[in-house]
Amino acid sequence: MSTVDQRVAALAPPRFTSPSVFSWVILVGFAAFFIQGFLSADVTLARMVQGFGNLGTFFAQAWPPDTSRLTPIAKAMLETVNMALVGVTFGVILSLPIALLCSSNTSPNGFVRWLSRMVVATLRTVPELVWALIFVVAVGLGPLAGILAIIMDTIGFCARFFSERIEEISPGPSEALSSTGSGRLSVIFGAIIPESMASLTATSLYGVEKAIRSAVVLGLVGAGGIGVELSTAMRMFRYDQALTIILVILVVVIGFEQVSSAIRRRVL
Amino acid sequence: MSTVDQRVAALAPPRFTSPSVFSWVILVGFAAFFIQGFLSADVTLARMVQGFGNLGTFFAQAWPPDTSRLTPIAKAMLETVNMALVGVTFGVILSLPIALLCSSNTSPNGFVRWLSRMVVATLRTVPELVWALIFVVAVGLGPLAGILAIIMDTIGFCARFFSERIEEISPGPSEALSSTGSGRLSVIFGAIIPESMASLTATSLYGVEKAIRSAVVLGLVGAGGIGVELSTAMRMFRYDQALTIILVILVVVIGFEQVSSAIRRRVL
Amino acid sequence: MNPIEVRGLQKHFGKVHVLRGLDFNVPAGEGAILLGANGCGKSTLMRCLIGLTRPDAGQIRMVETDVRQAGRREMKQMRRRVGMVFQRFNLVGNCSVLQNVLYGALGRHRLGILRVAQPLAPAEERDRAIHCLDRVGLADRAGQRADTLSGGQQQRVAIARMLMQGPEVVLADEPIASLDPRAGREVMDLLWEVIREEGMTVICTLHQLDVALAYGDRVIGMKAGRVELDGPASGFSADELETLYHGEVRVDGQPGEPGGSGTPQREPIAVAS
Amino acid sequence: MNPIEVRGLQKHFGKVHVLRGLDFNVPAGEGAILLGANGCGKSTLMRCLIGLTRPDAGQIRMVETDVRQAGRREMKQMRRRVGMVFQRFNLVGNCSVLQNVLYGALGRHRLGILRVAQPLAPAEERDRAIHCLDRVGLADRAGQRADTLSGGQQQRVAIARMLMQGPEVVLADEPIASLDPRAGREVMDLLWEVIREEGMTVICTLHQLDVALAYGDRVIGMKAGRVELDGPASGFSADELETLYHGEVRVDGQPGEPGGSGTPQREPIAVAS
Amino acid sequence: GPCPDTLRFADTGIEGMEEMVRAFGPFGDALGEAVGSEIEFFPVSDRTAAVNALQFDQVDIILAGPSEYAVMRARQDVQMMVGIERAEYGTAFVVHADSDIHSLDDLRGKEVALKDPGSTTGHIVPSWMLVEAGLDLDRDLNTHLLDGARFEALINRDVDAMGSGVRDVARLKERDPEGAYRVIAESDTMPRDIFVARGGLDEACVAHVNEQIMADAESLMDAILGPGERDKYTEARFVNDLTEAEFDMITEAYDLVGLPLD
C-alpha cells in the first residue's frame, strides 16, 4: 500500500465506537430486567407439550360459535361503535393541539413541552376504571361518562403518537413556509399536518378500533355495549357466545383497518 | 384581463373537487354513527354542574395517598417491569418480520400481506382475558403465561404500527439499495430499518409502557404484579392505596417515555 | 442602509468551523451571485440570513432587522420581505402545485392559512398564483401533486412560490441547479427582470460561472468559510473565479496540514466487476 | 450484443404519455450523454432501464437481460452489473457516509448486509470504500452522518457508492447538478477515466451542454418523450443541442394546441410587496 | 306515586346474576308499571363503579351482593330494601378427587385459586373460611385471585384447590367432564342478595317500591327469568325479611381477612 493509501485508510471510522455512558446505562438496565424476567418465566418444555394438548379441549368448548344472541350482540356492537366514534372524534380534535405542544419541533418552549407530555402520560396512566369512577361522579351513569372516558384514553394515546410522527417529518417544507413570514399556526396547518396526514388518519382510526376493543369501560359506566356482552359471556363461561362476540369485533376491527388503509392510499 | 390571462386562469384547478364515491360513503357513514352516538350521550348541563361539585368529595377519598404498602407495591412494579420487558422484547422481535409482511412496500405479494394483516388484527382483537385462559391451559399458571399473553398483545400492536411507519418511509434509499442488486433482506436491514429506527424504538418502548399499564393480565394468570395490586385496591375501595399505585406506575411510564425520547434524539 | 448587512458572521457545526467571519453588504437593487465550492458554507450562510440557523457570532441586518436580536414578530416581518428558494425545493409533497404556490402568500395574510388554502383563497390570489406558475411554465400542472413532478419542475414550483411572495429581497440557493439550459436562462431572466422592475435585492448561489458572469451585478466568492472575492461581475474573468475552487476550499481541512484534504487524491482504484 | 438496448419503450403516468416509443442502443464502452428539457422523461427512462418503473410497452435489454420479463433472480443479477446514481442521491440519511458507500457492495455479497454493515465488513471492502470516498474528495468525512452533508457532498457520496459497486454499466441521473464547477469536472473526469479503464458503458443525464459536448462519445437528445437527436457528440454544435429545449418539449402539452404550453408565456406580473 | 318520574337502577356485576342482568328489560318494564315510574337500567359491570355511583346519587337503586352491601353501609348512607334468595348461593372449596386434601387444614402450604377481589363467594367468604380453619393467609398458603382462569388452573393442577361459588362446582364438572372433583368444605347459609337504595331517596318511595315488588313477586321473578333461562333460578325468590345482622358475618369476614371496613 502506498503512503497515500495509509493516510486515507486512517480516516476510516473505527468499526465499533465505544457506546456512550447513556447507551451503557440503558443496555445494562435492560439486560438486568430482561434476565430477571426471563428467569422468572421458568420455561419447562414437558409442561408446554402437555399443555398444548389441553388446548384442543379448551377450544372445543368455544366451537361452534353460538349465534343465538346475534341480534342483541349486533345491537350492542352498533351502540359501541357510535359511542367510540364520538369519543375518538373529540379525543382526536383535542389531541392535535396537545401533540403540537408535545413535539420538539412545534412546541413554543421546553417547559410547555415537558408539561404537556406529563399531562398526556398521566391521562394514559390513569386506568379506565378510575376514569369511569370520575365521570360517573361528574356526569352520572350512561353513555356520556363512557364517551368522556374514551376521550381521555384517546388523548393519552393519540397525542403521544401524533407528536412522535410530527417530530419525524422532514423539516424542509415547514422551514419554507415559515420563511415566508407566516405564523406558527399557518405553518402547522400548511405543512406539518399535510405531511403527517397519512399517519394521523391511521392513528385516529386505530383509536376507534382501540376504543371498541376496550369497550369494557362503557360497561363500567353502565352504558352497555359489546364489552358488557363479552365480559358477561366470559363470566358465564359461555365461550361459544364469547367467540361469536369476538368474531363480531374482529369484523369491525378489520373494517376500520380497511378504511384506514384506503384513506392512507389516497393521502400517502 | 388579456386573453392569455384567461387561458391561463382556466388552468387553475377548481376550488372544490367533488368528493369520490369512496369519500361520500365514508363521510355519510361517519356522520350517521357520530350523530347517533352524540344523541345517546344526552348532555344535560345542569347535571354536569352538580356532578363536578361532587368530584371534590370523591378525590378527598384518595388523598393523601397511602404509602404504607409502598414496599410490596415497588416489588410488584419491579416484577411487572421484568415480565413486560421480556414479553415486549420477544413481541417486538416477532413483530418486525410480520410488519414487513404487512407493509405494501415490503410484502412479497398481496395475499401474504392480506393474510398477515388479518393475523395481526386477530391477535389484537382477542381480549387479554382470553389470552390468559389460553396460556394458562397451555403452559400453566405463572409468569410464562403472562409473558406469552404480553407477546401476543405486543405483536397485535407493534406489528400494526411498525408496518404503518414502514409504508411511510421515503422510497428513495431502498430503491438505491435494491438497484445495486441486493436481496430483499439486505434492503430491509440496510435502508428500511435505519430509516424507521426512531419510530420503531418509540413504538417498542410504548409497548413496554402499555404492557405495564395493562398488567392485570399478569394477575389473571397468577403471575402477580402491579395490576393485581391496583385492581385489589380499587375493588376494596382503598382509593388512597390505588393513588399510590397509579403514581408509581406514572413514574415508570414517564421513565420509559424519557428513555424513548432520549433514544429518538440520538437516532432522528 | 443596505437591505443585507453581514458583519463578522461565525458558525460552527460541532468542531467544524463553517463560517469564519463573513463581512459584506448588498445594497438595494443589486443582484449578487454567491460562488463557492461544495461544502464551503453557502447554504449555511443563506439559512443564517433568514434566521433558520443561529450563528455563533457576528451581526446580520436584513431589511433593517437585526436577525440575531429579533423577536418573533420582527422575525416574521423581516421574513415576509425576504423570499427564499431552497436548494432542496422544500415543497409540501402531498399538496397540489397550486397550493404550494399559494403558500407563498402565507405571510401576507393576517388569517394565514385560512386565506391561502386552495378552497378558501380569494380569487385574486388564485389568479396571481396561476400567473406565477405560468411564468415558470407550469400553469397547466397546477392541479397535480407536487411530488409527482420531475426534479426540474419542482425547482420551478419553488421559484413560483417565491414570486408569489413578492419579496423585496430574494435569497436563491442554486435555483437553476436542476433546470435544463433554456429553463435555467429563463429563470435567471425572470429573476433579473423582477429585480429590475421591483428594485429587488438578490443573493443567488450558483455553480455555473458563465451564468454568474452573465447575470451578476456583483460576485461574492466564498472559500473555506471566508469571503475571498468580492466585486462587480465585470471585474472578474472566469479564470479568476476558478481559483475559488482550488487549494484549501473546505471548512474542515485538518489544521496544520497545508494543502490539506481539499484536493481529492487521484489514485486509480481497481474497480472489479 | 449491446449492454443497453431499448425498443419501442412506452410509459404513461395516468393520462400523461411520458415515454412515447423510444429506440436506441448503447454499445459497450460508450459514454452516452442524455439531454432533454425538464420533465421530458429522462429520469423515467433511467428508472425503466433498471427495473424500478414498469414500462407499458416495448422492450428493454440490459446486459443481456430482458428487464420486462426478468424474474427476481435475473433482475438482481442484472442490477448487480448496472450502477445507478440517482437525481436525488437517495442516501440513507441516518447512516454514516462510509456505510452508505459500503452499501454499494451489497449486491456483490451472498450474505448481503452481513458483509457490508460497517462493523462487519471485511477490511478490504472498508479500504475500498474509503478509496472510493477519497476519489470524490470526502475520505475525511467517512464517519459523519450522511444527512449532515451539504447538497454537493451528498451527490459525491452517491457517486462513491456507485464506484464501490463497480458495475459494467452506469446510469447517472444528473450526477453533477449540485456540484461546483471543479468538482463537476473532476467527477466527469473520474467517470470517463473509469469507463475507459474498465470498458464501462454509461448513460449520463446532463443539463450542461458544454460538458455534454466535452465528454460525451455520443449524445442522445430527448424531446417530448421521443429520441430527437442521436449521434456522436462531435457531430453536434451547441446550437443544435439547444433545439431540444425549444418548441413542444413537454410530454403533457394539450394535444391539438400547437406551440402548446411548453413555452412559458411572458407577461410581467405585478409583484406587490 | 311517591317516587321520582324515573328510577335509575344498576347492578354490581354480582356472581351468578349475569343471566338476570341480561333479562333486566322485561323486569324493569314490569316493575315500572307497578311502581308508576319509568325504570332506567344501567348494567354496571364493576362493583366499584356501581357503589361509587350510588354514593354520589348517580343511581337510585342497585342490586348488590352481600359483600357490596357490607362495604356500602360502612362507607355511605344507604337504605336496605328487599332481597333475592337463591338456591346454591355460597362458597365451596373443590379439589381433585384423587388429591390427599380432605379438609381446609390440609391446604397448609398449598396453592388455592380464588375469584376476583371483593367477590362475596369468591374472595371474602372463602378467605374467611380459611382464617376460621386456623390458617394465616399470608404465611400458610398461597392464594391467587384468578378470576376467569380459576377453572383452568384447577383442571391443570396448577393449584391444589379452588374456593369459589357453589354453582362453580357444577360448572367445573361441565368444563372437565372426565375429571373427578370433590368438595372439601362448604360455607353455611349465606346472606342474600339485596336491593339497596341511595340514602337520599325518599323513604316513602323506598317503601313503595318494596311493597310493589313483594305484591307482585311471582310475576316479577318470571319477568326476570324469562322462558329459556328459567331452570337456573327456579328457586330464586324475592324476600323482605332481611336484617342488618345478617350481613354482620361479612363485615366480620372483612375484618378477619385483614381488610377492615372502617
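Order of writing sets the chain letters: A, B, C, D and E. Residues in each chain are counted from 1.
Here is the rule we use: a residue touches a chain if its C-beta (ideal position, glycine included) is under 8 Å from a C-beta of that chain, and two chains touch if they have at least 3 such contacts.
It should be emphasised that the depicted structure is a prediction, and the values quoted were computed from it without experimental measurement.
Looking at chain C and chain E, the chains that touch each of them are A, B. Taking the mean of the C-alpha atoms as each chain's centre, chain B and chain C sit 43 Å apart. One simple way to say how far apart two chains are is to compare their mean CA positions; for chain D and chain E this gives 77 Å.
With centres defined as mean CA coordinates, chain D is found 26 Å away from chain C. Along chain B, residues 5, 8, 51, 54, 58, 129, 133, 137, 140, 142, 231, 234, 268 each make contact with two or more other chains.
Under the contact definition stated at the top, the residues of chain C that touch 2 or more other chains are 81, 88, 131, 134, 139-140, 265, 267.
Counting partner chains per residue, chain E has residues 48, 52, 56, 58, 148, 152, 156 touching two or more of them.
According to the touch criterion at the top of this document, the contacting chain pairs are A-B, A-C, A-D, A-E, B-C, B-D, B-E, C-D.
Within the complex formed with chain E, the chain A residues making contact are 51, 54, 57-58, 61, 129, 132-133, 136-137, 140-142, 216, 219-224, 227-228, 231-232, 234-237.
Against chain C, in their complex, chain A makes its touches with residues 2, 4-5, 8, 172-173, 175-183, 185-187, 189-191, 194-195, 197, 267-268.
Of all the residues in chain E, the ones that touch chain B in their complex are 47-48, 51-52, 56, 58, 71, 75, 111, 113, 116-118, 144-149, 152-153, 156, 158-159, 259. Taken in their complex, chain B has these residues touching chain C: 5, 8-9, 11-13, 15-16. Chain D makes touch with chain B in their complex at residues 50-52, 75-84, 86, 88-95, 103-108, 112-113, 116-117, 158, 161, 165, 265, 267.
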